[in-house]
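Both of the next two complexes hold subunit A, though its partner changes from subunit B to subunit C.
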Partner chain A sequence: MTTLTVAKPRTRPLISWRVRKLLIGYSYLVPAALCMLATVVVPILLAIKMSLYADILYKPQDYRFIGLGNYLRLVEDPVFWLTLRNSVVWVFGSVLLQFLLGFAAALLLQQAFTGRALVRTLTLLPWIIPGVVVGLIWEWLYQPNYGVINDLLIRVGLMQERVAWLSSPDLAMAAVVFTNVWRGIPFFAIMLLAGLQAVPDELYEAAHVDGAGVFARFWHITLPLLRPIIVVATATRIIWTFNYADLIFVMTGGGPANATQITSTYTLLQAYSSLDFGYAGALSVVLLLVMLAFTWLYLRTTKGLEDTE
Partner chain B sequence: MTRRAAPKDLAERVLAGPVIWIGLVLLTAFALGPFVWMFLTSLKDRQELYATPLQYLPVHPTFENYVDAWTSPVTPFSRFFLNSLWVCSVTMVATTVVSVLAGYAIARFRFAGRDALLLIFLATQMFPSVLLIAPLLTQWRTLGLIDTYQALIYSNFSFTVPFTVWMMVGYFSSIPRDLEESAMIDGCNHFGALCRIVLPLAAPGIAATAIFAFVVSWSELLFAISFTTETSMRTLSAGLLYMVGQYEVQWGQLSAGVILSTVPVAVLFSFLQRHLTHGLTAGAVKG
Partner chain C sequence: MDERTSLSRRKLLHTLAGAGVIAAADLAWWDAPFIAPRRAWGAEPVRFQWSVPEPTRIALMNSLVERFNQSQKDFAVQIEYVPQAQARQKLISAITGGSPPDLCQVWDNWVGQFNGMGAVEDITARAKTWKHYADVVPTAWQTVTINSKIISLPLAVTLDGIYYRTDRLKELGLKEPTPDWTWDEFLALSKAFTKADKNQYGYGMRGSGTWALLYPTEFAYANGAEVLKDGKVVINSKEAVDAVAWYLDLALKHKVTPPSAATDGFVEIVETFGRGVTSMYQHNSGSSGQQKKNVGVDKFATLPLPIGPAKKRASFWFSETLTMFKGAKNKEGAWQFMSFMLDDEPSLKYNTTLGLLPARKSILDRPVFSKDPALAGFVQSFPIGIVSPYLAYPGWGGKIDSDGVPLIQQAMLGKVSAKECLDRFAEILKKEMT
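Moving on to the complex of A and B:
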């Protein structure tokens, strides 16, 4: 035994290189993990917990565990069901029109013309500015007495008298959807433009030589090749639009008489105005579930796309 | 380029000529019209603003609305502007540091749960921020952070970090490993290799990501109105909304404010053209 101690054992690092490398890797992740933990994970758990309590900020004496009480309230709340219906109109109205007009814009911006770079930048503006700015601009355009939209429509002869776009229950939803369309066109335009530029010219030329007309080329070459990017863009857009509360919150606050109230603005108002955190928590859980369902569907679809390629 | 052999059919000639030009004019007018109208509004005095019939062009253009908005004691736009500048700058720097580290780790180290982590960052980009308001408000109240810049900056991480990490992973993965490996053989440790080799190569992408983080924080509204109560703590978005909340909406000042808050993001974004699609698919800009 003593003979062994004479020969000095080769110094081995306390932690092996492999483990050490792994630890370094994990340590780089710590700040990001902490950020997500503090601002996303813990708040979500807190929201779920809130949804099980009667938790109204200015009534601390009533704070108690009520189990699924908030969810029962939700099921019996006609406004909640209305917001779901409104959300469908809001999401599909916005996304469908954004897609169609964005596609048209992409086809236009793909053409070669002088000043194309400038036009591309300028047409992007509606989408890069803050949502509150978009809302305020359109509030002013829609303004009944001094708004330019009423004035133009009357001058052209399409309307006889001024309309209160944002305060009439029949028109308010259309008005906010139109604003959202204005804002979202550049998103689809840019995404689809990137897709269009990736289509090899030879394909078009070959089809052209074979006598395919412009519509045939669009239908048989452009559309199939753009399919993956269309799916990705539309899916992400649907989720964002469903969650997006700023614009409606700024323009109508969900009114008049909940005509433009979507589920996300309703959640916002419960938390922000009514300070009913229990109910807001229950609504949040619903939003979360819808979001997860959408994301799952989206991942499945995109995975399906990859598999077919 | 050689001309194509087949003759153009009628549909193609009509589409290539007038349709494109009319379409482009309509598209540009539709995108810019509202801004032009807002700009014209901001140059009008009160009388011109509320004239009947509507007066389209300002006869006596004035910058008074800009001066009034900037110096107003009730809705101090200069203060809102500085608040936004500070909150967004700090968010940008912190987000960039955090996501450079995380992005590097995810791109270079193989570890358990890597794919799950990436999926979490992707899913969080789809996240409704309204969901976070009640719990974050409770959290910041407990920590005594209401009406502080920290509350706004930390809250911004919830949407900036997921997409910046995602973008960084993309940039770092596109840089070949050989350079770092030879640097490490020469005695650099991981951190040294990251700083000396990888960062300079990824610099353009990192800059773009940082600007993205700045721009999305600039647009943030809901956290800003929920976690501040004092006028002096409002950011631009919150301040603009607050201007509307006053008992009479000052459309002149408001339009000046709108133009002033649009200019910085428009300028920053024009630098980002090239990185745009990547940022888009990473979910950089919501709404």
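Moving on to the complex of A and C:
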């Protein structure tokens, strides 16, 4: 005897599996998105709001909406333009030298030699010391009256008189940039070293067989294959350095006579010395716009380079 | 027999031992006042923010707070240490965030700003009925009074004076300066001390921090100038310009200051003196303790500031205060601790340990302060002590740091003249007079 079973019609789900899969995917992102919203987007919106108000903390009676008043004040503030110029010197001076010296260090560390592991570890030292400590150490080294740098340079005969490295408006920026370069070299060295280790040896061997010299191998193999890392590392470092106020704050406090005042230290000064949070808010927003514009320009210029591989 | 209901000898002993432990714990709880101070249920602790520039203060404050906590049973003072460089920033963030500590230790030049923010508790009524009210030096009360309201207790007071190396005087065969010395004598001594080829300079000029501007202002007062006169800013008067130009010439013309002067702050002026790089510097009594260790008790002394061409001189008076916030959750507790800190023993301990001067006359008159040569210059400065003119408006304190210091640095480096520096500074002060 045969039994006939009637197939039940399949119930159509309310939401298609495609949409459901999409929703599940998005639901995984919700916690991270909420965190971003609370810690990044909301503070930015609050800073924008703050910048549109006269908000001097010790004058609560004067708190009022002034629209673009703080921005107009900023345009007329000569110190702001000076800090912007200083920021460009600080950022590009630091990052360019960090990159070049970091690259050189990575190429050296890639070579086989006795004690390489130890040297690689020691290379990281400046990077792992907190910024404030680095600032204090170098302030001490630069000290003109009893600092080691002046003492050594005089002893070896390179200088006759003591130089006030951090107190001279002509030298102070170079001195803090040098310290920042010292601190940032390991970052590039380690990033680029990781990239170098991923380059297949066969490529170099093939190029060598084809008669390519050291420079040609570097230019046609090493550099193109490291481009994605270079683009990402440089962009990250530029943004960090723009916001990095610790070293300058500790070593010179923006002085002498604003010679090392960058926009981020000036913002701190306006917020916590003058208690002018409205103006500090406007400075922060402008700083954000400058960085966004720069990042957009940089990524546009280097578009495609990160996909070289 | 059902074993579940039986009580073995072992179980009985366990039960008795357990009951004994519970009873002992209970008894200990009842007897707690005889073992340690008991905190009253529900009493809020007093949160006390303390800024720390050096380790000595931590040990000192721990012992004073512990002693206070043991002296009473109702609540505890909880101390929150903050590095001095961040203290102001942290307080501002806490005030704007609506969670300031109950009490904090700050300098009076910050209190005006906090008061302007509407954050400081008015303690006039408590202070005026306090047992030591009449014993506090009147000028100390002035430093913590705004619009006839007392807003802090002056824990310690300071006046600026000149530190000088007595050992170098002897070494160079120079005449000992007297308390009524003049600008000319000060300059002559600075020159005599300066041996640039040996890295020795006469005067450790300060170029960093608030006092970089306050020190030349004190010299301006010695030339008959003022900051504020009849409600108008007159810091750019001829007398002030001449005095500041003379002061700047110490660096620019006479070169009796170290080359690093434009960025030298508190640490540098104290350190260079201690290492023998400079032989004089201007500061309050707060670094006398450190110099006793660095230089030696018998190798330095202090003097009041020199008399200027106008036959005048002034030393700005500052107070280290204990300030209560409006948002304090235990105001009575905070007041009890504040007043305890100004009692005889804690005040004496605090000021002698840190080399500061107490705000109470009866303590200040003790030989430990009045007979100490390291403090003589400051005690002798009391007659010329005035409240800092920059306390007049709450916004001025911040403007000194953000605008005034870069201006005086430019002047110290010869980038702008004394007149240009003071004209620009006067404009900044005028804008902040509302």
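The rule is short, and it goes like this: the second predicted complex is superposed on the first by the 258 of 309 C-alpha atoms of A that agree within 3 Å, B and C clash if a C-alpha of one lies under 4 Å from a C-alpha of the other, contacts with A are read in each partner's own complex, and residues count from 1 in each chain.
The rule is short, and it goes like this: a contact is a pair of C-beta atoms (placed from the backbone, for glycine too) under 8 Å apart; a residue touches a chain by one contact, two chains touch by 3 or more.
Predicted model, so just to flag it, every value in this text is computed and none were measured.
Once the two complexes are overlaid through subunit A, subunit B and subunit C clash, as defined at the top of the document.
When the two structures are aligned on the shared chain, A:R64 is found in touch with neither subunit B nor subunit C. Of the two partner chains placed around the shared chain by superposition, subunit B and subunit C are both touched by A:Y146.
Residue contacts after overlaying the shared chain place A:M191 against subunit B, while subunit C stays out of touching range. When the two structures are aligned on the shared chain, A:Y272 is found in touch with subunit B and with subunit C.
Of the two partners, subunit B and subunit C, it is B that touches more residues of subunit A. In the superposed model, A:R300 lies in contact with neither subunit B nor subunit C.
Legend: residue contacts after superposition of the two complexes on their common chain; A:I56 is shown touching subunit C, with no touch to subunit B.
In the superposition on chain A, A:N258 contacts subunit C only, with no contact to subunit B.
When the two complexes are overlaid on their common chain A, residue A:R227 makes contact with neither subunit B nor subunit C. Clashing C-alpha atoms with subunit B after superposition occur in a single stretch of subunit C, namely 94-102 (options considered: 4-12, 22-30, 40-48 or 94-102).
Comparing the two interfaces of subunit A, the one with subunit B and the one with subunit C have residues 143, 145-146, 270, 272, 277 in common. Taken together, the subunit A residues at the contact with subunit C in this complex read 56-60, 62, 79, 143-146, 162-164, 166-169, 172, 252-258, 261, 269-270, 272-277. Only residues 21-22, 24-26, 28-29, 31-33, 35-36, 38-40, 42-44, 46-47, 50, 104-105, 108-109, 111, 113, 117, 119-133, 136-141, 143, 145-146, 148, 151, 182-183, 185-187, 190-191, 194, 205, 208-209, 211, 213-215, 232, 236, 239-240, 242-247, 249-250, 264-265, 267-268, 270-272, 277, 280-281, 284, 287-288, 291-292, 294-295 of subunit A touch subunit B when the two sit together in their complex. Subunit B makes touch with subunit A in their complex at residues 4-6, 9, 11-12, 15-16, 20, 23-24, 27-28, 30-32, 34-35, 37-38, 41, 49-50, 52-54, 56, 97-99, 101-102, 104-106, 108-109, 111, 117, 120-121, 123-124, 126-139, 154-155, 157-158, 161-162, 165, 190, 215, 218-222, 225-226, 236-237, 240-241, 244, 251, 254-255, 258, 261-262, 265-266, 269-270, 273, 276-277, 280-281, 283, 285-287. Touching subunit A in their complex are the following residues of subunit C: 88-89, 92, 95-96, 112-118, 199, 207-208, 258-265, 268, 271-272, 275, 277, 394-395, 398-399, 401-402, 405-407, 409-410, 412-413, 415, 434.
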